[in-house]
Amino acid sequence: MSAAINLESAPRPKMQARGLSIYYANKLAVKDLSLDITEKQVLALIGPSGCGKSTFLRALNRMNDLIPAARHTGEVLLDSANIYDRGVDVVELRRRVGMVFQKSNPFPKSIFENVAYGLRIAGMNDRAELAVRVERSLEQSALWDEVKDRLGDSALALSGGQQQRLCIARALAIEPEVVLMDEPASALDPLSTAKIEDLIHELKARYTIVIVTHNMQQAARVSDQTAFFFMGEMVEVGPTAKMFTTPTNRRTEDYVTGKFG
Amino acid sequence: MSATTRKLTSGLFSGISGLAAALIVAALAVIIGDAVAGGWSKLSWEFFTGEPTEGMTAGGIFPAIWGTTVLTLMMTVAVMPVGVMTAIYLHEYAPVQSRLAAAVRVAVQNLAGVPSIVFGLFGLGFFIHFLGEGMDRALGGELRYGQPGLLWASLTLAVLTLPVVIVATEEALRAVPTDLRNASLALGATKSQTLWRIVLPGATPGILTGAILAVSRGAGEVAPILLTGAAYFLPELPSTINSQFMHLGYHTYVLATQSPDVEATRPLLYGTVLVLLMLTFTLNFVAVLLRSRTRSRANA
Amino acid sequence: MRILADSSPRLAPRPTPKRRWQLREKLIEGAITAVAFSGVLAIGLILIFVAKEAVPLFVDPEALKEVSLSKLFLPQVLKPGKPATFVWQPVSDIPKVSLIPLFIGTLKVSVVAMLIAAPLGVLAALFTSELAPRKLREWLKPTIELLAGVPSVVLGFFALMVLATLFQDTFGLTYRLNALVAGVALSLAIVPVVFTVAEDALTAVPRSYREASLALGATRWDTAWRVVLPAAAPGVLAACVLGLGRAIGETMVVLMASGNASIVSPHLTDSTRTLSATIAAEMGEVVVGSPHYGLLFFIGVQLFAITFVLNLLAGAWTRRVVRRLGGKV
């Protein structure tokens, strides 16, 4: 009885990396990494630039497949199934594990069509149904009130912050289970950044989120867990509060206190 | 050398190089000016819509305009899918350091340098004598395809303009940001969905530029069609894809070199040249505009 | 902020097996790859089918009576007692098939054209890329490229109607149409080629080269001539080689302006006839399959080979300049 209760209350790992190493040609970019990503929590990846955060993130939805030089060893599990297994459908995987890029990259289409894109390619053509889903995604990404009167306008006419939230809405429209964000606010002004951070807070009720950030305060504000990367290795991972107050590793401490980075 | 002599020689040579540029522009201006001066008065409704009459010393050039139009349209229909798909292969599908891609690139580069008269020989040897006569034999021996005509001439021109389309399309594909492709793929789109919904729409203006450049090039080529289907004079417009056809460029050649009475054909000749020039310049101009617009957008 | 209740069903909980789309993707990729091969196919077919019509020339016993390598390329004694000569007269009781007059004609016309087009094109490219103010440059480049858009039949027409008369009146020439007129007109066809390729090579030279030179007190001309031009030299050479290839293969201009006399003459002011023009002029009257027909295709094979080699050379040089200047292909 008590064991069952324990099992239910213990946070379940949505994704897991097991002994994951990633190479570009012969250059090791991520080294023997094992990490659990807890369901419906926010995991922040921090570390100096070039330490392999983006590389690891892209491994989680197999975007690395698109880089000819990239190869990997080890496993990545999604709900306990290895996403690199031969039989896995990459398209299906990427619909379950969505991604928001560092530089906002809306399609040169209307706001509506941007959000509807993922649904349309999955074969949804019913106008009414699309409209419902587009509205819901735009509300989730806190953009609805700003754009509801001009859904037909070009997405390129939006401000930088709005564009990035549109990209989030676009990713949410296909209802992924995990959302990967690679420095989503690094190019934005403080106000837009705050909006995105609020948004991440809201989203974690429904989604498992992994966010790469350069900004320590941001990691502290938005995440439940924080993993510190250094030169391709994950040095330390733990609850965010602990990482920022009493890290066990000296390099983590140096980094979070701003001694380097 | 003292500073002043150095300045002087520099100025002198700069002037000479400027003169070279000016000379080229002047030559272009003289060619256009001569065509306009000699042909402008000839442009009239009758000239555009009439047929040559009185041993080609009077009348209009409608059959030549018609032939040129149909020929280049057929050429465009043939060359665009092949050219665009080849460029898509080179830019979107070819693995890095692919041998095939390298071979295709070298082939296309060399194709662009093959003399146009050799394309004519190719059209004659391959399309007419090999394919055409082969088809006639297969279809029962009646002479239909084994002779010069619109179909073979347009296919010959399609091979000739293939590099133009490939180069322009590849440039257009390059201008579509990789970010957009990644965004689409990350949303679970397949490669072909991404291509069809994101990449090609983004590349359309550039691909159009390629089409226009190809048409402009194809419309002006005479040597290949000389051997594959252009006719000196036809009383009727071409009625099938195997018909021979009249052509503005060939008509220019005929009027300029085969006329028994040079002075009598002169106005017609100038009128024909002017129409041909207007056609190719308009096309080139549109292409340049389209291209500079896409370029500035890609750099924005 | 509002999060709507989770109503829609989630996708399958586990990675699902590959589905039919993957087959479709493979088919599409296969089709595109197959079509892409057509460029290679085209160049191969051109060589094969142009050569195929020329082969009987060297195997057919009938043709061998009229044609042999020595008849094509070596001087022949046509009448006993007269010195050996080169004559192209394929339609006569005793066909004379020396290609040498045609080669000489091609050489004469191409050399004239290159002597004009190479300096003109390179200097204009130097001016456009290095010396002209930005405004002028933006206007100059498309204008010169517009010359490339003039159909060669129009250049031939221009040579015939304007240049020929002008030259005859100015220099008092015996023959209205001659190698000089054809060469000058031909230069108009190849100057845009030389210009465009050379200009590309010059613009590929990094700005730092220019800045270094200018910082040392060099004038703009010195910089252009001593720094930029040498750095781009292989590319400029490639431009000239491509121009030469075009000159050798160009047909309509020389067909209309050279006078088409297949004579061996050292004078530029005599009428002449080129390889390309011969094909265009004689293919109309030739009997399919006759030795004469084969000869015209044989000339085509040679044109193909010459321009192919020139293009390969130019391509190699262009790649070298790109590599040397650290750019991307």
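Letters are used for the chains, namely A, B and C, taken in the order the chains are written, and counting of residues starts over at 1 for each.
Keep this in mind: a contact is a pair of C-beta atoms (placed from the backbone, for glycine too) under 8 Å apart; a residue touches a chain by one contact, two chains touch by 3 or more.
Since we're looking at a predicted model, the values are computed, not measured.
Undergrad: Of the chains shown, whose Cα mean is nearest the mean of all protein Cα atoms?
TA: Closest to the centre of all protein C-alpha atoms: chain B.
Undergrad: Going by C-alpha centroids, which chain is farthest from chain A? Tell me that one.
TA: Result for max centroid distance from chain A is chain C.
Undergrad: Averaging only over C-alpha atoms, locate the centres of chain B and chain C and give their separation in whole Å.
TA: Spacing between the chain centres: roughly 15 Å.
Undergrad: How far is the middle of chain A from the middle of chain B, if each middle is the mean of its Cα atoms, in Å?
TA: So the centre of chain A lies 49 Å away from the centre of chain B.
Undergrad: Indicate the whole-number Å distance between the mean C-alpha point of chain A and the mean C-alpha point of chain C.
TA: So the centroids are 54 Å from each other.
Undergrad: Spell out, as numbers or ranges, the residues of chain B touching 2 or more other chains.
TA: 190
Undergrad: Using the touch rule from the top of the page, what residues of chain C touch 2 or more other chains?
TA: Counting only residues that touch two or more other chains, chain C contributes 21.
Undergrad: Which residues belonging to chain A are in contact with no fewer than two other chains?
TA: Residues 91-92, 95 of chain A each touch two or more of the other chains.
Undergrad: Which residues of chain B touch chain C in the complex?
TA: Its residues touching chain C are 6-7, 9-11, 13-14, 16-18, 20-21, 23-25, 27-28, 30-31, 34-35, 38, 81-82, 85-86, 88-90, 93-94, 100-101, 103-104, 106-122, 124-126, 129-130, 159, 162-163, 166, 190-192, 216, 219-223, 226-227, 249-250, 252-253, 256-257, 269, 273, 276-277, 280-281, 283-285, 288.
Undergrad: Spell out the part of chain B that touches chain A in their complex, as residue ranges.
TA: Per the touch definition, chain B meets chain A at residues 95-96, 177, 179-180, 182-190, 193, 197-198, 201-202.
Undergrad: Residue numbers of chain A touching chain B in their complex, please.
TA: 61, 63, 66, 68, 91-92, 94-95, 98-99, 101, 103, 105-108, 117-118, 120-122, 167, 170-171, 174
Undergrad: Could you please specify the touching residues of chain C with respect to chain B in the complex?
TA: Listed in rising order, the residues are 21, 24-25, 28-29, 31-33, 35-40, 42-43, 45-46, 49-50, 52-53, 119-121, 123-124, 126-128, 131-132, 140, 142-147, 149-158, 160-162, 188, 191-192, 195, 219-222, 224-225, 242, 245-246, 248-252, 255-256, 276, 279-280, 283-284, 288, 296-297, 300, 303-304, 307-308, 310-312, 314-315.
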